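Got a structure for you, written out below as structure tokens; questions coming shortly.
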Amino acid sequence: MITAGIIGATGYVGVELVRLLLKHPSVNRLVLSSVSFEGQNIVDMYPNLRGVLDRKTDGLLVDADTVVAASEIVFTALPHGIAEQYAVTCLAQGKKLVDLSADFRFDEDEATFEQWYKKKYEFPAVHAQSVYGLPEMNREKIKKASVIGNPGCYVTAASLSLLPALAKGLVDPGMVIVDAKSGISGTGRNPTQTNHFAESGESFMPYNVGKHRHQPEIARNMTKVAKQEVNVIFTPHLLPMSRGIIATVYARLLAPAKIEEIHTLYEAHYRDEPFVRVLPVGSTATTRNVRMSNYCDISVHVVNGGTMLEVVAAIDNMVKGAAGQAVQNMNLLFGFDETAGIDDIPAAF
Amino acid sequence: MITAGIIGATGYVGVELVRLLLKHPSVNRLVLSSVSFEGQNIVDMYPNLRGVLDRKTDGLLVDADTVVAASEIVFTALPHGIAEQYAVTCLAQGKKLVDLSADFRFDEDEATFEQWYKKKYEFPAVHAQSVYGLPEMNREKIKKASVIGNPGCYVTAASLSLLPALAKGLVDPGMVIVDAKSGISGTGRNPTQTNHFAESGESFMPYNVGKHRHQPEIARNMTKVAKQEVNVIFTPHLLPMSRGIIATVYARLLAPAKIEEIHTLYEAHYRDEPFVRVLPVGSTATTRNVRMSNYCDISVHVVNGGTMLEVVAAIDNMVKGAAGQAVQNMNLLFGFDETAGIDDIPAAF
Amino acid sequence: MITAGIIGATGYVGVELVRLLLKHPSVNRLVLSSVSFEGQNIVDMYPNLRGVLDRKTDGLLVDADTVVAASEIVFTALPHGIAEQYAVTCLAQGKKLVDLSADFRFDEDEATFEQWYKKKYEFPAVHAQSVYGLPEMNREKIKKASVIGNPGCYVTAASLSLLPALAKGLVDPGMVIVDAKSGISGTGRNPTQTNHFAESGESFMPYNVGKHRHQPEIARNMTKVAKQEVNVIFTPHLLPMSRGIIATVYARLLAPAKIEEIHTLYEAHYRDEPFVRVLPVGSTATTRNVRMSNYCDISVHVVNGGTMLEVVAAIDNMVKGAAGQAVQNMNLLFGFDETAGIDDIPAAF
Amino acid sequence: MITAGIIGATGYVGVELVRLLLKHPSVNRLVLSSVSFEGQNIVDMYPNLRGVLDRKTDGLLVDADTVVAASEIVFTALPHGIAEQYAVTCLAQGKKLVDLSADFRFDEDEATFEQWYKKKYEFPAVHAQSVYGLPEMNREKIKKASVIGNPGCYVTAASLSLLPALAKGLVDPGMVIVDAKSGISGTGRNPTQTNHFAESGESFMPYNVGKHRHQPEIARNMTKVAKQEVNVIFTPHLLPMSRGIIATVYARLLAPAKIEEIHTLYEAHYRDEPFVRVLPVGSTATTRNVRMSNYCDISVHVVNGGTMLEVVAAIDNMVKGAAGQAVQNMNLLFGFDETAGIDDIPAAF
């Protein structure tokens, strides 16, 4: 049994971590912090937590240092550029850290991080020791790491959609199109015109066309798996719903293929993955079927007379796309059952 | 043909006025102002208006004085407590003003205004000349007035639900219960935790239980019509949708009645009203059926063995509950056809 | 460890039971039946269940008799009027049955059942042995029973809202008003014009005004607790969301009271209830805070100058309002921890 | 002033036509038919129409022949394969017909129609005289025609997104990807599991991947404009909202281009189109901004280092995607102002 700490517990990712860790069988204590709400109790902001916190915490929001000092593992759910310092401290104290910002998503590739996030690494050394936390790519490395960069939400869906095909060299790396759609919880807790119900309900739009920060992360993942440069075009859209991401991904098959071959390949690739469900031929991935769960549902399609692979990947952006995947990484870091605490069954509706 | 001005054109009520007045057959010019966005063009905030503004305006947001100077009628869609000064100016210049805040909803009853809105009247004289703008109560007075206090959104639905029964003295004035539900556009344009899609979607809640500012306005209207003190309990709720209000209203019948009698009374009372539709016996008022229109749909029900009158009134909170009613008042002020510019047909879905 | 059977597993209540029982620590096998889909696999209708069924079932939909034969407890989630026969069989075989229709909600009061459900009891004897399954009213009786009538969804919220006040005789039994609002999952799986997204989204309406079948069940519960006839007026409404019920309940206080007194009474009454959360004074019950959980959140309010008690009760209609409460009853029947399998923590959004 | 008839008036497209034609300044009488509801009044199915029908119709649903006999123009809003016979009759009687099914979308290309719709032309001669009703492609032909095949909803958005670039030969015809998303009203009035609120709300999914009937229609339009075979990959998705379509379209630029050049080209191409709004560089098309209007908003983007054209087109699927476009065609057929009856201003929310 361990104590887990969350720095940034009152953001949407933070409070989702609270929910998951409260149920985790190997976490017996939670310590929470929030810069904005220090000294307050998290239940006052999130009344859904009433009556359940005392299983593991008094709910008081303390300062970040107290969290680090008290915890075996620290989750940082903060704006980009802040987690580095806590990683340094955790490493020094022999503790684990899972960061849910972009700070550790680019490992030693500081140039790309700087280009997209407009910040330099403050402590470059720590990046040499961090591991990118997509278990389906890096499981063994994660197990031995101390600092994990948890992947972006869109990135998780997009990457899982194409790993098997890229690993086998089936598709043209010259042009992969990722048309992705996310629920509004992805905009975070801060209220804006964009997430105002009256403006986002009954509406749909793309945003950041051609310049979303998840593009380089997707391209990097695909390139690693393909072992050659993969060129990715990525368009995010905002859905009038709270949770869920679908990535509809298009890639040209280098040789015409039948759907059965591709499907067999995907099933084989993901056979031992506890959270990837490759749907039967003819089914279509749907966000409802993974809502509130850590599953990634994948449906494969071959279109355009056998020349184009189209893959649909669906996740809950707050679970497999953020907090659930962070817990999955924790489970790997500590040798817990990989599904511990994140085995929720999605509801039918 | 007249020029209409809107002070506070960039709030939700303001922009809804823009939409309606752009279609109005007797308004040929619109002048718009906004404190927050002066100097900008309204189309940059509201791209829905692209290509339609030039019928009547260049879209530039000017200062309030310019609006007053240029207009025959001024609509003030501002926070409470600001419109008085513009009313004074308009009166001095022989212009009409329709205020969509609460400033002129209580006429000379400053005490009630002060109790609920925590402000005193700055120019008491102007209130002696203002008229409360619910056409179904005050049509003839409105026609002769210069300053109109446009009713609250909940108030419009609640008042219309019971006017016929109160006017006939059919119900116990000792206790009227108004359980009302509003779409989220009622929270206004300013983004808050309350109107964040992730927190308001797929959720429902009452708010301001026992202390919402529309309670005294409802009670005042009902009291006027009943010609005796009516005691009103009012509970507002927030619906996970953008537009629409339903008021479900309960009042004890002083003598048991049959639904047919009550229905006949309501039909007779509202026969000449262009915007009140009394539904047939057995039908139920539904917000979808009035969406984007100036209609108020009313269904009457007699329950509890003939002893309780239950009335459901449905409006679009932004049209009959705000901007549409303001245009209706303008039509009365200027002798235009009462339905001019607000004769939209609600869509089936 | 027991085997649980569900007759009617493919309806919305049935599949919610599947989800909850798959997680239940004392159920190690599930047997499912469906008249409409016998011979098919439930995963083909509900792909959300992919990969999780094999923990406890092959997912095959068999006939009802097979379910009864294989199970220690049978859940019947069927249209009204069908469960009686299974109750007879279960009693004969020494098995437990929890029925989620109305068949056992009226115990020996066949007249009321017949009046509202247009059916006579076919096996009157079994009703003499059934117990009404609202644990907060009947916990001890439930523990000793074999046949449970699981309460209606609206009824659960409405009853819990007023039990403490009625038990203490604080409110006028002459007139209780329950203005209730439900998510669309309450209409069941069968697609209709009413639950068509294009007609139910962005809309709100009451229905069955003055004649909903849950009215007599609410009145009966309140009458039992008050130990005198309670007269209930009940209006259901349909919300544009999937899950959740709020009951806003109005009752006249026999003597003026302060909110603190009432709140203290409610807290004391529900202190030991694992699933009732009485919110602090000033808070308001909200469906989002109980979504996907078995909690009933209750906020108490005193309005109208201390003369009117207003209580808001929020539940997830499919959990505490149906399947979750059925599992709670199972836990009581078998002496399991009352919260086993239904201890989900509601999410913040 | 003309009389307009609608065959199939009670489907979603039919009732949207009713709404628009009731407002049309040159239509003074409406005659409505419905096979399913003949003899009933449309207001009983669509209470939103209460009080507005008598401007132009008694609302009675008569038989189709009566509609044809009484009308100068007939709109057929029927399942595919039924409109042909009415076109024959209309031609014989010198009347106009606008069909909103697919029956006249493929002109003389019966083979493609048969392949996708599994039906042969019954009256081939009439197809030789029909014109495909996308005004932005065929305006002059439409003006002289008698039978119009109104385009598919997805097809309208997809085609308008790329016409300027295809006409100029800027993009590779070898591979155009149309990733499109539609609101649920597109599923029609018939309630199904797919449009059940509990299953479609808070969810998102593609459907008919690689085999939707709008694919050949899009490809045909693009091919005509490009004057060479255009290969189209089309994926439709279902949005949790009622109205609106967005097509996100990807096409490889044959030579690298700057956004300003493309934007200038698009603006020039659509300069005189009353219903196409090319947004400023940096803006993004959004369904909310065209809701309830006949506008198609188009935003152009150049991504991937200047090598890929990405265009987003947004329409209201029931207006520009169906009934509004049909009225636009009527306006062209009769020489009315092209915007008559369809000049609604979209609301801000």
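By written order: A, B, C and D. Residues from 1 in each chain.
The rule we apply is simple: contacts are C-beta pairs under 8 Å (C-beta built on N, C-alpha and C of every residue); 3 or more make two chains touch, one makes a residue touch a chain.
Keep in mind that what you see is a predicted model, and the values were worked out from it rather than measured.
A.B. asks: If you take the chains that touch subunit C and keep only those that also touch subunit D, what is left?
C.D. replies: Per touch definition, common to subunit C and subunit D: A, B.
A.B. asks: Which chain's mean C-alpha position is the greatest distance from subunit B's?
C.D. replies: Result for max centroid distance from subunit B is chain A.
A.B. asks: If you tally contacting C-beta pairs, which pair wins, A-B or B-D?
C.D. replies: Of A-B and B-D, it is B-D that has more C-beta pairs in contact.
A.B. asks: Let me have the rounded angstrom distance from the C-alpha centre of subunit B over to the C-alpha centre of subunit C, please.
C.D. replies: The mean C-alpha positions of subunit B and subunit C differ by 39 Å.
A.B. asks: Centroid of subunit A to centroid of subunit B, CA atoms only: how many Å?
C.D. replies: Once rounded, the distance between the two centres reads 46 Å.
A.B. asks: If you average the CA atoms of subunit B and of subunit D, how far apart do the two points sit, in angstrom?
C.D. replies: 36
A.B. asks: Taking each residue of subunit A in turn, which ones touch at least two of the other chains?
C.D. replies: Answer for subunit A, listing residues that touch two or more other chains: 12, 185, 198, 201-202, 240-243, 286, 288, 291, 348-349.
A.B. asks: Going by the contact rule at the top, pick out the subunit C residues touching subunit D in the complex.
C.D. replies: Residues of subunit C touching subunit D: 12, 183-185, 187, 189, 191-193, 195-198, 200-202, 240-242.
A.B. asks: If we count contacts the way the header does, which residues on subunit A are in touch with subunit C in the complex?
C.D. replies: Where subunit A meets subunit C, its residues are 12, 15-16, 19, 22-23, 46-52, 185, 201-202, 242-243, 277, 279, 283, 286, 288-292, 295, 297, 344-349.
A.B. asks: In the complex, go through subunit D and note every residue touching subunit A.
C.D. replies: Listed in rising order, the residues are 175, 177, 179, 181, 183, 198-199, 201-207, 209-210, 231, 233, 235, 237, 239-244, 246, 248, 250, 252, 284-288, 291, 299, 301-304, 308, 310, 312, 314, 348-349.
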